[in-house]
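Two complexes come next, and they have one chain in common, subunit A, joined by subunit B in the first and subunit C in the second.
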Partner chain A sequence: MNFLPLWRYQNQLIDGAIVTLELTVISALAGLVIGIAGAVALKGRITPVRWLVRGYIELFRNTPSLIQIFIVFFVLPNFGLKLPAFEAAAVALSLYFGAYSVEIIRAGLDSIPRSQVEAGQCLGLSGWQVFRHIILPPALRNAYPAVTSQFVLLLLGTSLASQVAADELFHVAGFIESRTYRSFEVYAVICAVYFAMAMSFKALFAIIGLAAFRWPRRR
Partner chain B sequence: MALVEIRDVHKTFGKVEVLKGVSLDVQEGEIVTIIGRSGSGKSTLLRCINALESVDAGEIRVEGLKVHARMPDLKKFRQRVGIVFQAFNLFPHLKVERNITLAPLLTGRIDKAKARALAADVLTRVGLADKIDAWPEQLSGGQQQRVAIARCLAMAPHLMLFDEVTSALDPELVGEVLKVMEAMAKQGMTMILVTHEMGFARNVANRIVFMHQGRVWEQGPPAKLFANPETPELASFIASAK
Partner chain C sequence: MRSFSLIDFVSLFAALRWTVALVALALAFGAPLALGLALGRISRFAGLRWAMAACIQVIQSVPLLGLLFFFYFGMPVFLGIQVPALIAVTVAYTLYTAAFLGEIWRGGLEAVKQAQWEAGACLGLSAWQQFRHIIAPQALRLSLPPTVGFLVQLIKGTSLASILGFVELARAGQVVSAATFQPLLTYALVAAIYFALCLPLTLWSRSLEARLDGSR
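Presenting the complex of A and B:
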């Protein structure tokens, strides 16, 4: 076991880790927007839109993420949409994260009692005001633990983007391994980096959760 | 013209007809208490007055305005008709002050500078001025219900509806809520209450309405109704409530 040969690749490893973080955060933010919009659509009254969202959820939750990335990267160019590796992976992972987020946020919205909505309506608030100020904050709190778990899965799942040569951490690791032939050392290092990033995000989310959702839980 | 005019109202849920032709007038400043067994349609009638439920037939008018779920200016109408529920329904993620000022701020009734003063004022009226910065979860059931009343008062309603507001409370907490409602009654607020608190109904209401099987079965001043019920159904209800 000798980790020294990896030292000269430290900049590539750092760059790879940064790309992984960028890919994760961009996909998570876009996926979250998709999640909220999809959850609202699922709760809406327009049946064809509900079917459309349901179809999207089932498609993306029941097919491999790798194939989704391949379709965006290799198939969409046939229809005139050619995306670089990072962007293609970001689009595919956003849709993947969005599909799970829709269900998580819908469950969060469903957890808010109807009586809360009625209380808002009875005070003369509009539908949007009730949603924004009364339903959404506690729904997000209820959905938060599941969303953050999904975020960590997304972080780990970004390694799939290496298959379309996006310069994220796992792709960098493959490159270093091919140069050094130090498989164990390379994968041990990036394993530690993924682990550190995942644990850091968990700690960060715990702090954000405490700051954002300060009201006491129901006894 | 009565403040509330209810004419031959029918309401059905599935195959169950809950209201079977209810007619009732409530004058401005009057306190009307609706009593009756569970399932007699009391709460449904209250929810119809506030357009939380639409009537299937008949008509409800409040301040001359025909009430239904698709009425124009429904939001403005609801700002004038406060309703307090059995389960308080405070917003758990908002402190007491924000619970009270959310609707007045969002509907443009007040500006931000006056919000805290308004919350303090209505909280003083329900005896909870010191709880302005508390979370709902930190309050007892009775205190939560008083905040719910304060939240309605902040909208300066013309009519208050109370739907079994003491039913979910421990017996020792009922008194504090009734006291607040009694004070509101003395100030001339028009109130329609659904309650099982017979003592309160007898002492505070101008008129008792006994509902039975989806109809107004009997109504009149409390003293007369409790002393000389005209129907065996009311007599049996009063006896069982003692």
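Presenting the complex of A and C:
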């Protein structure tokens, strides 16, 4: 075991980690937009749209993320949509994250008892006020743990983008391995970097959660 | 280059046996380990609880792909001998399964009220008897839906073994796609097979959950 030959590649590692973070944040934001839109559509009255959203959720939750990335990268060019590796991975991961987000956000909205909405209406609040002051705060609090743990899974899942040669952290690992032939050491370091990033996000989310959701809980 | 023919179709389905074998191996070794982790997490000994929590936290904070590569290249370093790739991959999937199932089952165990253990103790049952006859049956009911849900994650996760050269479904898809230049047809078929495997489990998990809810 010899980790010294890896030392000169620290800049590549940092660059890779930054690309991984970019991929994660972009996919998470796009996925959340999909999630909110999907949850609203599921609540809506247009039946074909609801079926469409349900089909999308089941399709993306019941097939491997790796295959989804392959399809976006290798198959879409047949239809004239040729995306570079990073963009292809971002599209595939956004759709994957989006499918999980719809369910999480819908469950968050559903967790608010109907009687609370009615109580708001009795107080003379408008539809928007009921949503903004009665539904949204507890729904956010209920959805928060699931969203953040899904975010960490997304961070780890971006490693699959290496398989279409997006230059994120795991792809950098392959590059360093091919230069140094220190396979085990490279992947041990890469795992440690992912671990550090995942733990940092978990700590950050825990602090944000404590600060943002401080009002008393029902016991 | 050749066209997509019956033989490609057959080779995709034949590769399914590795997907199934990897899932079976992961469950066979991962489930007992998960039970150990779950019991350790609710143990009376704080040291044991912390150690188990740390193990789970580490495994859940590393990509599955990273685990696979770590053990694929690491086993010879740890053991000093070459091991077949299957063993390295099995170790990685076992730990992955144990960490996630362990957390799910701990949740199930903790959801059973403390008073149930005490009731068992009052009846003169030993700690094992309390677990076996009072806690486990109730915890099992609670944990079954998420356990089936994890099974879907595991099936999807076996697609990563393709990256280490295992000719399971995803890898067979790559091979067929390269040989026939028909990525659209091939990957659509691969996705459809995964979908056909996973959707029934997802639906089963959901109906189990709904049934549990009704019984409350």
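Please note the rule applied: the second predicted complex is superposed on the first by the 213 of 219 C-alpha atoms of A that agree within 3 Å, B and C clash if a C-alpha of one lies under 4 Å from a C-alpha of the other, contacts with A are read in each partner's own complex, and residues count from 1 in each chain.
Keep in mind that, in the parts below, a contact is a pair of C-beta atoms (placed from the backbone, for glycine too) under 8 Å apart; a residue touches a chain by one contact, two chains touch by 3 or more.
Fair warning: this is a prediction, and the values are worked out from it, not measured in the lab.
Engineer: Between subunit B and subunit C, whom does A:Pro64 touch in the aligned arrangement: first, second, both, or neither?
Structural biologist: In the superposition, A:Pro64 contacts subunit C only.
Engineer: So, A:Pro138: does it touch subunit B (first), subunit C (second), both, or neither?
Structural biologist: After superposition on chain A, A:Pro138 lies in contact with subunit B alone.
Engineer: Is A:Ala119 touching anything from subunit B or subunit C once the two structures are fitted on A? First, second, both or neither.
Structural biologist: A:Ala119 contacts subunit B only, not subunit C.
Engineer: What is the contact status of A:Phe195 with respect to subunit B (first) and subunit C (second): first, second, both, or neither?
Structural biologist: second
Engineer: In the overlay, answer first, second, both or neither for which of subunit B and subunit C A:Ser178 touches.
Structural biologist: neither
Engineer: Check whether A:Gln129 is in contact with subunit B, with subunit C, with both or with neither, and answer first, second, both or neither.
Structural biologist: first
Engineer: Of subunit B and subunit C, which one contacts the greater number of residues in subunit A?
Structural biologist: Between subunit B and subunit C, C touches the greater number of residues in subunit A.
Engineer: Can you tell me which positions in subunit C touch subunit A when the two form their complex?
Structural biologist: By the definition above, subunit C touches subunit A via 57-58, 60-67, 69-70, 73-74, 76-77, 152, 156-157, 159-160, 162-163, 170, 173-174, 177, 183-184, 187-188, 190-191, 194-195, 198-199, 202.
Engineer: Using the touch definition up top, name the residues of subunit A that touch subunit B in the complex.
Structural biologist: 115-116, 118-126, 129, 133-134, 137-138, 141, 213, 215-219
Engineer: How about subunit A: which of its residues touch subunit C in the complex?
Structural biologist: 1, 58-59, 61-68, 70-71, 74-75, 78, 152, 156-157, 159-160, 162-163, 170, 173, 183-184, 187-188, 190-191, 194-195, 198-199, 202
Engineer: Residue numbers of subunit B touching subunit A in their complex, please.
Structural biologist: 50, 52, 75-79, 81-83, 85, 87, 89-95, 102-103, 106-107, 135, 137-138, 151-152, 155
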